[in-house]
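Next come two complexes, and both contain subunit A; in the first it sits with subunit B, in the second with subunit C.
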Partner chain A sequence: MMALFRRFETAIDNGIGRRRLSYLLIALIIAFFLWFPNDTSQSNYAKTVFISGFFYAIMSSSWALLAGIAGQFSFGHMAFMGIGAYVAGLIARDGITFALLGINITPESISAIGSIIIGTIAAGAVGLVIGWLLLRLRAAYLALFTIAFSELFRIMMLTEYDYTGGSNGLSLRPLLQIADVNVARQVEYYLMFALLIVCLLGLYWVANSPIGLFLRAMREDEDAASALGVNVVRYKILVFVFTSMIVGCAGAIFYSDVGSERIIPEQLEILQMSLIIAYAVIGGMESLIGAAAGAFISRYLLEAMRQVVITLPFGMTTADGSDAFVWDTGFWRFALFGVVMVFTLRYMRNGLLYPIITWFSGRDIAMKETVAIRESDDEHAARLETDDE
Partner chain B sequence: MKRKSLFIHCLVLIALIAVLPLSMVQADGHCEFAEDTVKIGGLVPLSAPGAVAGGIAMSWAINRAADDINADCGITIDGANHAIEIVIGDSEGSPERGQAVVERFILEDEVDAVTGVYHSAVGLATMSMLDENGVPTVFSEPWNDNVSANGIMEYDGRPPRNADGVDHVFRVSPASSMVGGVVVNWLIDLGVGNVVIIAENTDYGQPAAADEYARFEAAGATVTQINVELGTEDFVPILSRIQASAETPDVVRVLVTGETSFNLTQQMAELGIAPTEDTICVTNQVAFQSEQYWQNVPDGNYCAFNRVGIIPSLFSDTAVELNDAYFEEFEDIVPSYAMASYDAVFILADAIERAGSTSDGAAISAAIETTDLDLSQGRYYFEYGNHNPELPEGTPAFMWHQWPDPVVTMMQYFEQGQSSLDAAVIYPAVYQTHGTDYITPGSSP
Partner chain C sequence: MNESFATWLLLAGPLWAAIGLYFLPRMAPKRKRDSAVSEHDLQAAGVVGGFALGPVGIGLFYLAPNLIRRFTLAAGITIAVFIAAQALVRVSDPNLPSALWLILAGPLWAGIASYFIPRRYRDAEAIDTNALTAAALGGFAIGPLIFGLTWKHTPRISREWIIVLGSLGAWQIYTLFAIHNATNPCVAAPFHLTYLTQQTANGVVIGSIYSLMAVGLTLIYSVQGVVSFAHGQLYMVGGYFSFYFLLHAGNILSELTGAEVSVNPIWGIPVAAVIVFIMGAVFERIFLKPMHEGLIERVSEYAILITFGFGFFLEYTTLAIAGPFPQRTNRFIEIRRFTLPRTQITDDFFFGPIHIIGDRAFAMVVGIVLIFALLYFLQRSWTGRALRATSQDRQAAAVTGINPTNMNTLSFALGSMLAAMSGAALIPIFNWVPWVGAEMVGRSYVIVVLGGLGSVPGALAGGVIVGIVEALGAGCHPDPSRGAAYKEAFALVIFALVLLLKPTGLFGREHN
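Let's turn to the complex of A and B:
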């Protein structure tokens, strides 16, 4: 089997080449997603699942830039998404007055797109403040701070029910007003897919630019990076603002009746944030495409596993005459998801998709220095175990 | 020896796998069912962040109703019996997931009707989709006023999606406004003038407090509101403020849930604030769980509390049977949302049978409007709908497609350690069990 794979590998290397094959594969995947809504055998439900998958792919890949590449292990990502969505919803409903600037925005004068832009800017502005406050915090303190911020925001949305609707949620102004539900879903699908592509391109641009290099340097050793001339303050704030604006925009669009018609504070719970982290970990924290793919595939599987149908063999039937058992998995699918997560963390810390992406790209998706650190950690742990024995 | 034992184990396992499904094959004794079933979707929260315990109870009740109907030969259309098939969908308590599940119900499972829904946000998010697709729906738990009614035409200031209003969505749980009114009306009838409300700082406590505050004020009472954090264990500083006030309150109303409400009520009783001859204690409805209540609030005799859902002393035979089955499964008294979910399936089945069709959503919804059924929670009917579209002035919009008689009562313990099944129902008068609207501490009814 291994020999066969080696032969396949040699054939690819001597022929089209891995890099070109990966481009071809990406083109095929994009073509598939572009074609998918036109497949008449697919219902709108399947498109809804994909729309949700695109949204979580944006969330996960942007978190991968923040945590996986910049090393800022933040739990505030869902809160920034919520800021974008809530601000867009509240502005569209109540308007806003900037007395100092003499600007008065009334609900009538603002469009859904306008409210989304303001929501995005608001998320970025809060990201700026949080990024600045986090300058001196690292590791566990940074995580704790962002948890506190996230919870603070959620509780505010929950208790200020007069404005936010509390747990009944806030309904955002619909972005699209298309009467035909089939056309509407198709447009929503392409909109969310386009947003994912744009976000991934933006994230890739940052990750592969000199800024990305500085971010990685900060992640490995902030003091050393600073000593070598990296403006840590600037890039730390920049990455917070950038990722906050991405998720703020995604949240404002998704909840403007593209993926859901209302946002609720429960959506901002730590549990939801941990799902985003889990998607990124499973896909590969240090690979933007890995995190996005991890999120999309996980969302799809979690949806597909809502109901497991087991067809009975030998023409047997159940008491109600059905030839299949239907198992409503409920929360068991999350338990299974937890098992996958444990497996990933123990045996494939670079993500389940790491070997595939590495093979195609011909290089480690996790930067060599990180792998080296992990390997030295492992060696150190092994030495300790031996000493104990 | 080991190998032999392993071999035998394997054989037994294979035999079990083969026999298990076979054992489930059984011919129905007296019912001949047509091939096509009537599919009813049950939208309930079965995973976080939803209320999982509530979802499990509702799911159980929906399936139980289908089993009971099927045991009685299902739904008869044109002389043929159709079995009910339940498709449960997990809303996760999230509007986004709820919408996705409803879409799956409609497009993939092709359900004929829908019931369930625990969280109002899910109800609000899914109702337009259900209505637009003409799916007859009976919600069994969301309380938000806008869930029923042609409120969809006005909620959150959004333009109507369906200019004709809501034709297909009904509700058999109470609207929030129906619940809040009962406590205040009872206390105002008793003549209270000085009210202290202790409310938790959540989206349950604060809106409820605001609603009751406004109602008390409108009735001329003086109200003091104190907000507390959920999870607080020591309420002495807060309660001391009440003790130190110049005027003894006529009533202390506790709008705090769970364990925290127990702590608060016990400390209130220990300090001699309420219940006393001068001050009425109105604690949270969680006091209905009498075993937990007495464990945590041993001094809480004579406290009153509200109960949503029919009271055990008024259980019909159907309710008793349902309660017994529920108790067997969960070792608890059947909650109102499980009863409502059970009844909702019967309402849908009855309407489908009267409409004579599984696919004609308009005919089924029209049949639901003219429902007249006695079920576990009482007599079901819908006063306002397309059959009676004019809501008289002063009638709130949520009465559209709303069951008008969900039972909301005030109950009161009058013996220490008393079961809630024996507690007195004191309000409204029509449900009174001991002929009194309040039992003064120290007396017996």
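Let's turn to the complex of A and C:
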């Protein structure tokens, strides 16, 4: 088996090369996603699952930038998403007036896109305040505070039902107004997919820019980075605000009748946040595309595992006489998911998709070489020592 | 007075302060200045002088810039009197949003003082550990007077300062309440003492269980340096273990005796404790131990995620088994409530009678007994001392023959056990659902940060403080139903203030 894989590997390396193969694969995947809604055999339900898959891919890849690359553990991601959605919805419904600044926004004067933009800015502003307050301190404080903060935000949305609709949720202004359900679903699908691509490009741009390098340096050794002149706190706040805005925007768009009709406070629970973290961990926290793929695949699997049907072999029957064993998984699939997450963390820290990603990027060759060089260096040093004696 | 003039008057102070802040450091002539007068001195002079006296103040400090260095109490009082006079004019005018003004004044001066005073301390090379706290509290409580108190001599800020200023600030909040919400039960005479004591008593009662839970968290942190993000879920499963034990034990006993038997929930506490202790130990051995053996990169991130994953697993497993239905066990004791008699000090000054719900009182007793047992264990037994030694210095402890690996396991198991015991003690009081831990754990984080991460006495004090603040906040909120829902918000305000003013907490070690 291994030998076969090695032969395949050499064939690829001598042939089109791994990088080019990976580009080909990405193109194929994108083509698949573009083609998918045109497949008439697929129900609208499948498209809905895909749309929410894209949404969660945005959430968890931006969380991966924050946690995996910048080393900031925020549990407030869902809360920022909620701020974006709720602010957009409230602005579109009630408008807002700043008498001192002479700004007066009425519900009639604002479009759906305008409200989404304001929601995004609001999420960024809250992110700025929280970042300024917490990012000077150790990582644990951010995690502690954001857990409490997101719980508070959820309770606020639940309690102020005069404004937010309480547990019934809040409808945002619909972004698309298309009468035909099938066409609408298709447009929503493409919109969400485009948003995912744009967000991933933005996240990659940050991760590969000098800022991304600073962030990695700070994650590894904050003191060393700041000694080298990196303004640690400023970059930390910058990336925190950036991801807050991304999720705020994604939330405002997703709940503008694109993926979901209304935002409900239940969506802001810590349990929902922990799902996003689990997706990112399983996909690979240090790779943005890994986290996105992890979220999408996990989302799909969780949906597919709602009911597990095991067909019994050899004509066996269950107690009630049917030939298949049907199990409504309910919350057990999430429990199983938790087990997978914990063991991934312990034994495959970089996620289950990490081997595939490194293989395609050819990074494993470089790693092998580095290890080999280090070992030969060690041997060399050992020989020098014996020579001294 | 017409409206635009009123708005102008409201803005005048901050406006002149801003002008002073910008221009004074740039304009004040160098030749008239002592070399000791720094940029910060002039900025502060601009803000304080501009705020109190407008252009006159700015002019004064322009002509005599050294004056700010000689800022004495007398000058502070003068300025405070001027500002108070302005505030009175503003408040007495019915056209002005006086409430807004009064409410803003405290935080405004707190902000101004906490910007300038620590800088003054640093310029003077004085000890500035508590300068920020004192500046913020003092600015809130006594406004610009805090400049007069601290600017000239930069006195060392002791704990007494903080206590006095903090009490003054609390008094300020009380006065604000009394002015703006006179019908509020917290301030409406003559019942306010009864009501306040009642709320405080409620806070202390529930706070003792908060303490118990927070001590578990802080114990784990002090030994391992790990914040357990599964703590809320361990609290939740503690309650459920107690619930199922009582259910089955009751059924079995009923079958054996043939009569309806219900087991007292107190027996659920040791059962939950034992099970969760073992769970915690096993989890620690498998997932946290490799962390201390150098098998894992970036330990702090791993610790956050792995404990969070553990909590995730526990929560969904409980959801799958128990379902999302509220459960509750029967009561600890049959007595509905205890009543403390009315205390009469003078004719007008009295409080009571105070009622405490029987089960809550019982839970408090359980909490206090457990806390004392834990303290006894930590202080007197060999293992407890070894735990404390490990938390102070791992290497030194290892040299004296303490096995740090075992201490890690013990601390995690013990901390988890305390969470489970709090859960088992509270399930007769609250409705139990699988996500009940989320609310509680947020509160525990506030408590441990307030007390200082890793400090046991801090967690004990913090639990009671948070309990009292929540009870008072919920009780004194103008809208009672909102007040109850926003219980956690009051704790979160403490969280933000502690992070802003003193991230090491009340009893924390100064190493952040």
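In this text, the second predicted complex is superposed on the first by the 347 of 389 C-alpha atoms of A that agree within 3 Å, B and C clash if a C-alpha of one lies under 4 Å from a C-alpha of the other, contacts with A are read in each partner's own complex, and residues count from 1 in each chain.
The working rule: a contact is a pair of C-beta atoms (placed from the backbone, for glycine too) under 8 Å apart; a residue touches a chain by one contact, two chains touch by 3 or more.
Note that the coordinates shown come from a computational prediction; the quantities given were computed from them, not determined experimentally.
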item	value
Which superposed partner A:1 touches (first subunit B, second subunit C, both, neither)	neither
Touched partner set for A:103, first subunit B, second subunit C, both or neither	neither
First (subunit B), second (subunit C), both or neither touched by A:309	neither
Which of subunit B and subunit C A:52 touches, first, second, both or neither	first
Which of subunit B and subunit C A:159 touches, first, second, both or neither	both
Subunit B versus subunit C as contact partner of A:260, first or second or both or neither	first
Touching partner for A:334 - first (subunit B), second (subunit C), both, neither	both
Subunit B versus subunit C as contact partner of A:271, first or second or both or neither	both
First (subunit B), second (subunit C), both or neither touched by A:140	second
Those residues of subunit A which subunit B touches in one complex and subunit C touches in the other	158-159, 269, 271, 330-331, 334
In the complex, subunit B residues that touch subunit A	18, 21-22, 24-26, 33, 46-49, 52, 59, 70, 83, 85, 88-90, 93-96, 99-101, 103-104, 106-108, 119-121, 124-125, 128, 132, 144, 155-158, 201-203, 206-207
Interface residues, subunit C side, partner subunit A - complex	227, 229, 286-287, 290, 296-298, 300-302, 304-306, 308-317, 319-320, 435, 438-439, 441-443, 445-446, 449, 453, 481-482, 485-486, 488-489, 491-492, 495-496, 499-500, 503, 512
Residue ranges of subunit A touching subunit B (in the complex, touch as defined)	43-45, 48-49, 52, 93, 107, 158-159, 161, 165-171, 173-174, 181, 259-267, 269, 271-272, 303, 306, 312, 314, 316-321, 325, 328, 330-331, 333-334
Residues of subunit A that touch subunit C when the two form their complex	67, 71, 73, 133-134, 137-141, 143-145, 147-149, 151-152, 155-156, 158-159, 219-220, 269-271, 274, 277-278, 281, 330-332, 334-335, 337-339, 341-342, 345-346, 349
